[in-house]
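Here come two complexes built around chain A, the first alongside chain B, the second alongside chain C.
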Partner chain A sequence: MLLESVAYARPETVDQALEMLSSTDGAAPLAGGQSLINVLKHRVASIELLVDISRLEELRTVQDRPDGTLEIGACVTYDELEHSEPARAAHAVLADVAGHIEDQQIRNRGTVGGNCCLSDPTNNLPPILVALGATMNIQSAGGVREVPAEEFFEGYFTTAVGEGELLRSITVPPLPAGGGAGYSTVAVGADSKALVRAAAMVRADGQIEDARVVLACVAPAPFRHTGMEGALRGSEATAAAVREASLVIGEDLSPPGDVHASADYRREMARVVARRSVWQAIEQGGGRRG
Partner chain B sequence: MVEADQTHAIEVTINGERQAATVPARQLLVHFIRDTLGLKGTHIGCDTGSCGACSVIIDGKLVKSCMLLAPQADGAEIETVEGLSDGGELSPLQRAFNEQHGLQCGYCTPGVLMAATFLLRRNANPTEAEIRRAIRGNICRCTGYVNMVRSIEAAARATAGSIDAAARASAVIDHKEEEAQ
Partner chain C sequence: MTPNGVTAETVTRPAEPTEEVGQWAGQSVPRVEDRRLVQGQGEFTDDVWMHRQGYAHFVRSPLAHAKITSLDVSRALALDGVFTVLTGEEAREMCSLPFFQIAPEPAGKIEEWPLAVDKVRYHGDAVAVVLAETREIARDAAGLVEVDYEPLPAIVDTVRSADPDAPVLHEQVGSNVAWKGTYDWGDIDWALQNADNVVKIDRLHFHRFSSTPLECNAAVVHWDPGTDTVNVRSNNQMPMFASMVIGPTLGVASNRLIFASQDIGGAFGVKIGSYPQIAALALLSRKAGRPAKWTEYRTDHMLSAGQGNERVFLDTEVAVLKDGSILGFKTRAFDDAGAYLHYEPLGAVIWSQVCCGCYKLKHIRVDYTETLTNKCPTIPNRGYSRLQHLWFLERMIDIVARELGFDPVELRKRNYVQPGDYPYETPNGCVYDSGDLPRSLDMALDLIGAERWRERQRALGTGSGKRIGIGIGSTLDSGTNNFGQARIINPQLPFSGNGEAAYVKLDLYGEINVNLGTTPQGQSHETTAAQVVADVLGVKPRDVHVTAGFNQQQNTYVAFSGTYASQFAVTGLGAVKGAAERLREEIIELGAYALEAQPEEIELRDGACTVRDDPERMIPLIGIANIVYSNNAVLTPEMRDRLSLNARYVYTPPFHVPDPEAKTGNLTLTYASQIHACVVELDEESGEVEILDYAAVDDCGTRIHPQIVEGQVHGATALGIGAALYEAFEYDEQGQLQQASFYDYHAITSLDAPDIKVADIESPSPFTLNGAKGMGEGGGAPLHAICSAIQDALGPDDAVVSESHNTSERVWRLVHSGERGDPRGVTVSTRDSSE
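On to the complex of A and B.
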């Protein structure tokens, strides 16, 4: 397929990349390109200059700090995150989510930063990052600013990253004592387009002390369902109690309906995935009752 | 100053051979491989990154070559289906596809062979489930997945042992009804 004419540049530092992005009209960062190349093929965006950031070493590492915090560079690929020892040790659920994105070819090229900055509401990583309380580190010529993942995903294909800025890395705090994480999806096919997703982080010790429950695909951006979180807090860490708490999810959701599933079906499945992700989090944290 | 241009001078190593060319920035890697280098073994099935027929290995990583721009491959080592055989001698993987009828129309086969090559380098003894996951990105419109899986299993056994062992292994492959992918 013939793409529209475009210029390409491969800067050697993040500073050079930021300079090019802020000084050129119609400049866009190119990382793994697993969505952007298709956007170019369909000619739905007018891009004059592609700034290839995929090889910038500064953006390509996964590091664990002594306090257990994980820092993931924006241009780390899904495959690298899946097989990263520090990532798996700190957040096995996050590594597993990365390992179930589409197919091997896409996992070898697609990047963590790209998955977040595209902000397609069905994308895999945003809900788990919100559940884990991650921080998005956004760099510009003026320095780095930190935005909580919860505020980063603003809506359909929009994020907190502004003109002349780049997502540099994502920091994920360690799980709290007694905490665990969970993730559940209903998709059209295995590792395929998601109809509804949920991610959870729960702290429990026979009784649920704290819970973060994030729903995705049912709104323009992933969001915490504070109603279910409130219903979980203080209740027993049993499957029955989790089920009961999930019933507060309902008419407050206005999910899209399409050829794959009706809005009603997505609403019903939102309860199911919320329940599964919370239960997985309780099991992972070892906090179930009995 | 960083060069920002609509054409780029690139250099790649393709199947062990060094090649230099000046490419348009908008050229997809698959077109560079097929039209500029004349290696037509890499197929274009869908042109949208969905089918995997254009899969090649770049710097050891399996990728879809319609989802990269040619300048992004600058400096890379590229392996295509043409590089699998050794001077006309089929590789164990190709031989297994031949013996196990791992292809029907053959259009998706180059991509499947590259996906299987990537898998077997990473995991020399994959389970059936791992094989199915490894070719998840490759669509066969003949739906011939069952024999592909058998072929890859046979290739894994062949490379693990001698050619005789491979023949024995392919003879004992369980031909039970399997669910197509």
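On to the complex of A and C.
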């Protein structure tokens, strides 16, 4: 549809892509295009050159290492991640999140890297990647640098990926012994606006040993709620204790309010999704008390 | 019996087509339209291409209410590829008159032109339109039209817009009141004095939404200077209405204003409203000397194509006897028509087709005010004007049940019109034709297994974080309007009755061809018309060719022609049947003549006339056609003069002119019913609503094609669920539309919709030729059923469900309203029995 006139290139290698991105003003990588094309359609961004990286094989694989670490190429689609056996074996919750992004047509095209690099605060994958302690591998002509997911998402539509750089892959460490992950969203309808999301990774054995609780949609970027994490650590792995811990979430949040939900509601729901995700993580890890 | 206790006969199954002649109506034969549609061979308006056509794009106001202080098109015109730009002022100069207004004065003084002139009145109001070589250039050029606005205060609240000090949209009207009147039937004052209980409900609000058809509006308009005709290829669904409104404005006679359409991708009433754009495109074409093609963008559609009516009911009082008999109610209704009156203020009377809903209410007073606001104009949307009122009535019933401790099922059954009451005359003179509401309700409750859910609800108790609610929506889909009801709005309007035309002919080699006055949008008129004709003429449906779509120069029509307001099965197929019967008489007469027999001896079947008991004497339809078309010297001069094998018939329902003073009359011919039941689960901590079970029981009289009926039931159900939970058009205080794309307007999809259990009753209408009743719109039953179920799940101290749109947040607030001590919005006064 109605894009402004834009040049298009399809490099053969990541190096070529990087060369194009760094040598052309206004160049931007195009992967699945599920957000970028809409952005162009609405003319809220002006791009001179689309560098299509979606067919670069080196970015399109999901690999598991002997130590259980998962490496997901940036151009792996949601559908591929959902159905990837290594991903499902190592991180079923991550595969499920990918499998619930919008609808099948979008999952066939949208990519993991695109979901992360757009850094829309309501996007599905960033909170779970932060919760799982993933590492984002950013490539430039000079090599690859590693950035923890926690630091990667900087704010509304901004990430640690700089000029002349490209997200190459995401490394997700294995769940620790006794660890589990959880994810929860309150949204409009089945596949529309997310109002608030939470993702969690919890290590428990009757008692919560460690917890990472990430909230999204309520701030410019997903973030760990260290207050709730602290409240969880050392408490019993029971629903009541999780509920109690979630109560520390509240006035510290300044979520947006809009036609879909008020800031008050999003704040309240942050507690709700936080405890749901934590409880799911405890259940998945088999660490609940009793 | 099914596990839910529903007998097999009541559950719809796809009927296996049989080959028995004379029995095609009633079977779910394969749809004729499907082949071309699934193979991408349909022809939608955007598929139409005309030589030298340009592409149009409208320039729309970003503000809700503002004076246009300057409008400069020079930058747009300078863009390479732009043919021309038409401004509002130029359009006015080219027009003979403003658009005809249905409203009486003072709102009748509204001057609406094809494009806004001097000021804009809503976010999305069109001020100019560009014609260019490509769609892209047209859109770019539209962005270069420079408009300076002087903002004016906006009014978006329908109740406040009626205040004398509210900002006025149309200065010549003097206020924002589009129409105001009191409907007063029976004696509500007496009823309220003599009721054992009076339930007062402060405020109920029915929200704005639309059907968002898959295909937006589109038109290719050519003002042909060679023939001085205006050709309109469009997806407008009521072209005769459009023609009658824009013809005088453009100064074009109706025989030179030619509407045509083939396939239409959904309309739902909304596509009645594309006539202002079509008028602007005609002028644009005239100015440019080229055809103007326009395919609306979704955001343009949402901003300006028309939205459903929003209505507020204030200070409702319901008179109830001890035994649960409801005597009647009074209320003050405010309906928000938006910035211009498109088809409005007809909504101010159309609700009264169902003034008492499914119930035997005798005393009704409604003070009705329709107002103008700085919002997109409303346009009839599936269930037009009745669903708002039916929602109000169903909320009323549930609230009465809750406040006075009645079982909502028993209260409904006690007050329903009973099977023995038909034909039932309502307090305003409408006549309900047939039905069985109590049995429909029982079937719906059986389908969801209501008893089982009641037990689950009780067992759930408190502390689980979940609540279960069971809800009912009882509705009527009134079909085949008596247009005389327009006189209740404006006694000067020379409208009454209704009708539809059809044309059936035997062609050169004995083929049968049908054409219709309708503009179907997925309702399978080709399929069902062929079924009806096949039965009359003794052939198979595949032997009957129904011309796809509508073309004013080829098809027959009346002023009411089109596809809207749940009436094709009655009016359209009534016309088809009448025309086919006229043709049959000619065929039999000719057959008798050719076979030297008496007409009574002729049987018409298997494509031939045969003498009864003497099958050797037979003439096929090709022979009949031969006689008239190419062998007419064999006929007598009188027969040659009279017989043409071309039959036209206009079906007209048996209506009288309503009484505008008393506001009474038979306003619609048929009353289909939809009784829905559902089960929802509310999450206490989030307010999320999950539909656990859903059933729809439909009674639209004799069904011509059960599967097509069922498809429309599913569609209406999905739309209603979407509206109840997700879909809304809301404006901020400045009049900015908050949901102008599918990012923000969550139209329901299959991911949201529950499995829908469907069953039916067929109560034939005694008033129609084929026993059928209009259907398709539904009465918004899912809105009622879901609100009812949410209400059922709430606690006794919680507020009543007073909004038709219930987001998770709204439900969450309701779930906790009792704890917070929020006002409940309802009070009960009980008459002292010692009085």
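Going forward, the second predicted complex is superposed on the first by the 290 of 290 C-alpha atoms of A that agree within 3 Å, B and C clash if a C-alpha of one lies under 4 Å from a C-alpha of the other, contacts with A are read in each partner's own complex, and residues count from 1 in each chain.
Throughout what follows, a residue touches a chain if its C-beta (ideal position, glycine included) is under 8 Å from a C-beta of that chain, and two chains touch if they have at least 3 such contacts.
Please read these numbers as outputs of a predicted model, since none were measured by experiment.
When the shared chain is aligned, chain B comes close enough to touch A:20, but chain C does not.
Once the two structures are overlaid, the count of chain A residues touched is higher for B than for its counterpart among chain B and chain C.
In the superposition on chain A, A:191 contacts both chain B and chain C. Of the two partner chains placed by the overlay, only chain B lies in contact with A:52; chain C stays clear of it.
Judged by the touch definition given at the top, the superposed model places A:141 against neither chain B nor chain C. In the superposed model, A:272 makes contact with chain C only, not with chain B. When the shared chain is aligned, chain B and chain C each come close enough to touch A:103. In the superposition on chain A, contact is made by A:260 with chain C only, not with chain B. With both structures placed on the common chain, the touch criterion links A:2 to chain B and to chain C.
Chain A residues 2, 103, 190-191 lie at the interface with chain B in one structure and with chain C in the other.
Remark: chain B residues 2-6, 8, 24-28, 47-49, 52, 55, 61-64, 66-69, 71-72, 74, 115, 118-119, 133-134, 136-138 touch chain A in the complex. Residue ranges on chain A touching chain B, taken from their complex, read 1-12, 16, 20, 24, 30, 33-34, 37-38, 40-41, 49-50, 52, 54, 79, 102-106, 108-109, 190-191.
Residues 2, 103, 186, 188-193, 195, 258-262, 265, 268-269, 272 of chain A are the ones touching chain C in the complex. Those residues of chain C whose C-beta lies close enough to touch chain A in the complex are 135-136, 139, 685-686, 688, 725-726, 730, 738-739, 743-744, 746, 748-749, 751-752, 807-809, 812.
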